[in-house]
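One chain, chain A, appears in both complexes that follow, with chain B as partner in the first and chain C in the second.
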Partner chain A sequence: MRVLLGRAAVLLVALGAWELWARSQNPLLYIPPSKIGPALVRVVRLEAYPALPEHLGLTVVEVGVAYALAIGLGLGLGFLLGLPRHLGEIYEPILSGLYAIPSVVWYPSLMLFFGLGPASKIAFGFLLGFFPVVLAVLVGIRSVDRHLLIVARAFGAGPGTSFVKVILPAMTATVVAGLRAGLALTVVGVIVGEVLGARAGLGYLINYAYGFLRTAEYAALAVLVLVLVMAVDGLAALVEARAQRWAG
Partner chain B sequence: MSRPAEPPHIEVRGLTKRWVTRDATIAALEGISLTVAPREFVTVLGPSGCGKSTLLSIIGGLVPPDAGEVRVAGATADGPDPRKVAMVFQDPGLFPWRTALENVEFGLELQGVPAARRREVAKGLLEPVGLRGFETRYPRELSGGMKQRVAIARALALDSPILLMDEPFGALDEQTRLLMGEWLLGIWARTRKTVVFVTHSLQEAIMLSQRIVVMTARPGRIKASLEVTVPWPRDLTGAEATALRARLWELIREESLRALEAGR
Partner chain C sequence: MSRATRRLAQVGSLAALVAAWEALVRLGWVDPLFVASPLAVARAVGALAPEAARLLGETLGKTLVAYVLSVSLGVGVGLALGTVRHLYDVVNPFLVALYAIPKILVLPWILLAFGLGTAPAVVYGTLHGFFPVCLLVVGGVRDVDRTPILVARSMGATPAQIYRKVLLPAVLPAVLAGMRLGIIFCLLGVLVVEMFGGIRGMGFLLSSLANAFRPAELFAATALVSLLSVGVVLLLEHVNRRLGHWR
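Moving on, here comes the complex of A and B:
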């Protein structure tokens, strides 16, 4: 409770400072928080952008497709490389290295390959979401307690049974954490992709509002994205907490 | 104790095992021969690193021997066979995502025993080991001694005639260790399993077994095999136990010293 109050206080002070400072600046560029609320109402009521549902829908579809690809290929490649022990040792540093490259550098080439439409956003979202998933699988497999595998073998488990009854449950927590990180990054990738160049989507709308100096609406859209991302991540956190309940 | 005229449960002949590492070949076991009769309780006593755990892993079919023969319940061991052999390790190796009950059920689950039946068996095994009320606890919620009792219940659930135990109480404190020993003897008296129990504790060996096999430092060979004639229930402070302890210490002191030197 005290922590919550403290957080609220920090937030209020920050908002107050922002309000005071923004009022003294050019209102076209600097938006005080008190103007964001009304703008948010206009945006949500579809007064500002009647096509908001379509843009939002497109972004959700792009995120969904990109995330499905990231999960499918991330899990698939992770197990393919991780289960034969030596392959994982070879590929993990390479994948970690690729992951460390600031991902925006890929985007221009993705636009060249996939054009301005949803495909390039899906590709970028996938690219960002894929690495945490594949790396989590590799780390998860590597960190399975070898002793548990020996115990399982002593109790008659063959390779298939060991995989299902030991390796999978042992790595669940790690993989779920990777899936959560991957989801957050996929959302970021899709929206950044839309901001950098698109004809539709939430990111496009943000860029549009910004381009026309509709700064209050721009900020309202940003808040909307923030809420969406937090909701998605909150759901993922719930799933993660469930998965980690037994892991000590 | 008079030996039954049945064929032995475990027969090890001329067993040799080497570990090949990047820069050396280590002879772990050399020319081990050992016979264990049905329902016999044998402890294998030896200094650290003498290969006693390796010996147990080979008998359990987890590790193939380099040379020699291992026959378990009449057949050559070529891989783990939970219908014949159940194993308990120093690290209990409970599955952290399974409750105590689900851990005990593990072996039966692998054998395709129906859920209701294996639940019944597992409950029946946890109760006499003092873990009633802990069925739905996860391993992290259990003490070291409790974990090991769950691991032993998991092994007993297989209902195999042979039980191999690799320093099962090695990580426990002295008092818990003694209590667990008493408890294990009770189980042995009830189930009459053939037990091979690896330990480096003289006390534990004298307290538990009918016969003590003493191993040399690496490469492990069998140095002596002593019948324990101390009457049950065993008084570890009595003259007989004390004499046996002195004799064992004499046998193992030299080997422990060698192991210590080699470990430097």
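Moving on, here comes the complex of A and C:
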């Protein structure tokens, strides 16, 4: 109870300080929280941006395509490299070494190659989402207990049966966690791509509102996107819990 | 498989990839307006080197400031939250929630608030680096084995001694892991601001080369940033191993 009161106090103090600070500053640059609510209403009622549903739809399609590619190629390459004994040892260090490079350096090249349209956002979202998936498959396969495989073989299980009955359940937890991380990163990649250069999509809309100093609407759009991102991740968390139960 | 064979296979695969890429461009299967051949990229590295060295220095300078801020704030806040129970209970949910916010959503606001100079890049870089460092340190403190602390206390160690002799050495691996992760995130944040804000630096060079359709120079610049960041990470890992020996 005291903890909850403490949390409420922190939240109130933070919002109050923000409100007071923002009111004393240039309204074009600083938006108090009390102004975000009305702006959010204008945005959601499509008064501020009548084309909001189309932008939202485009972003959803970009995320969907990018994530489908990330899942397909990530799982495919993961199993291709992970199931044979030596391929993973050779290529996993290269894949995880690419993690040491800040992902955004690839974006200008993708934009040059794929243009300003949805393709470059899909490519960047895919790139961000792909790595957690493929690395999770590799880690998952490596974490399968060898003894279980030997026992299964001793009881006469073929490679197919071993795969379905032993390897898949044992690696499910890791892979599903990787799929969830990949989804979050795909969403971020698509939005980053849209903010850095696009003609449509939610990220473009945010950039547009910022460029015209419609700061209250920018803040409202940011809140809207944040809610959508959290909803997607919450859904992914539910699916993850389901899968863990199935595997456990 | 021996280490040497593995290395050989890795180098061989990468070489084959580069050769295939060169062949693809030579055969005219990809448009040279969008994709430059590895040889052209290598030549561009030479031509670009003086300018790139200056801009890399600029980007690296901002990243370093952001990194020092992220690590000192992250470790400080992390130690405070990890050791003071009530503080943890109250503040940690906010920390996790803030970490979950895609930082790109606050990027325009940071440019509004801090202008178009060095400051927004440092702030945004710090924002990227702070949370991973802080959360790793909080986790590290909370995972510390309580028994040595109890033993030290029962033998009459003061809180300051417990902090210095028991807690800090035990948390060091988490701090080092945070430091390794933090540098990449700081560099990422700085580059994003440079790309978005059109402020000088390597990020700006990358986006302007893309807009000017100069793939050879663009790939060369991308390669230079990538090598720099891999180099920094390897350096940190080296320091990490050194400190591991010392512990």
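Operating definition for what follows: the second predicted complex is superposed on the first by the 236 of 248 C-alpha atoms of A that agree within 3 Å, B and C clash if a C-alpha of one lies under 4 Å from a C-alpha of the other, contacts with A are read in each partner's own complex, and residues count from 1 in each chain.
Everything below uses one rule, namely that contacts are C-beta pairs under 8 Å (C-beta built on N, C-alpha and C of every residue); 3 or more make two chains touch, one makes a residue touch a chain.
This structure is a prediction, so every number in the text was calculated from the model and none was measured.
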| item | value |
| --- | --- |
| Which superposed partner A:104 touches (first chain B, second chain C, both, neither) | second |
| First (chain B), second (chain C), both or neither touched by A:172 | first |
| Partner chain in contact with A:15 - chain B first, chain C second, else both or neither | neither |
| Chain B versus chain C as contact partner of A:68, first or second or both or neither | neither |
| First, second, both or neither for A:187, with chain B first and chain C second | second |
| Which of chain B and chain C A:80 touches, first, second, both or neither | neither |
| Of chain B and chain C, the chain that contacts the larger number of chain A residues | C |
| Chain B versus chain C as contact partner of A:228, first or second or both or neither | neither |
| Interface residues of chain A shared between complexes with chain B and chain C | none |
| Chain C contact footprint on chain A (complex, rising order) | 3, 6-7, 10-11, 28-30, 86, 89-91, 93-94, 97, 99-109, 111-113, 187-188, 191-192, 195-197, 203, 206-207, 209-210, 215, 218-219, 222, 225-226, 229-230, 233 |
| Residue ranges of chain A in contact with chain B within the complex | 145, 147-148, 150-157, 161, 165-166, 169-170, 172, 246-248 |
| Of all residues in chain C, those that touch chain A in their complex | 1, 6, 9-10, 13-14, 34-35, 86, 89-91, 93-94, 100-102, 104-109, 111-113, 184-185, 187-188, 191-192, 195-196, 203, 206-207, 209-210, 213, 215, 218-219, 222, 225-226, 229-230, 233 |
| Partner chain A, residues of chain B touching it in the complex | 60, 62, 80-83, 85-87, 89, 91, 93, 95-97, 106-107, 109-111, 138-140, 154, 158 |
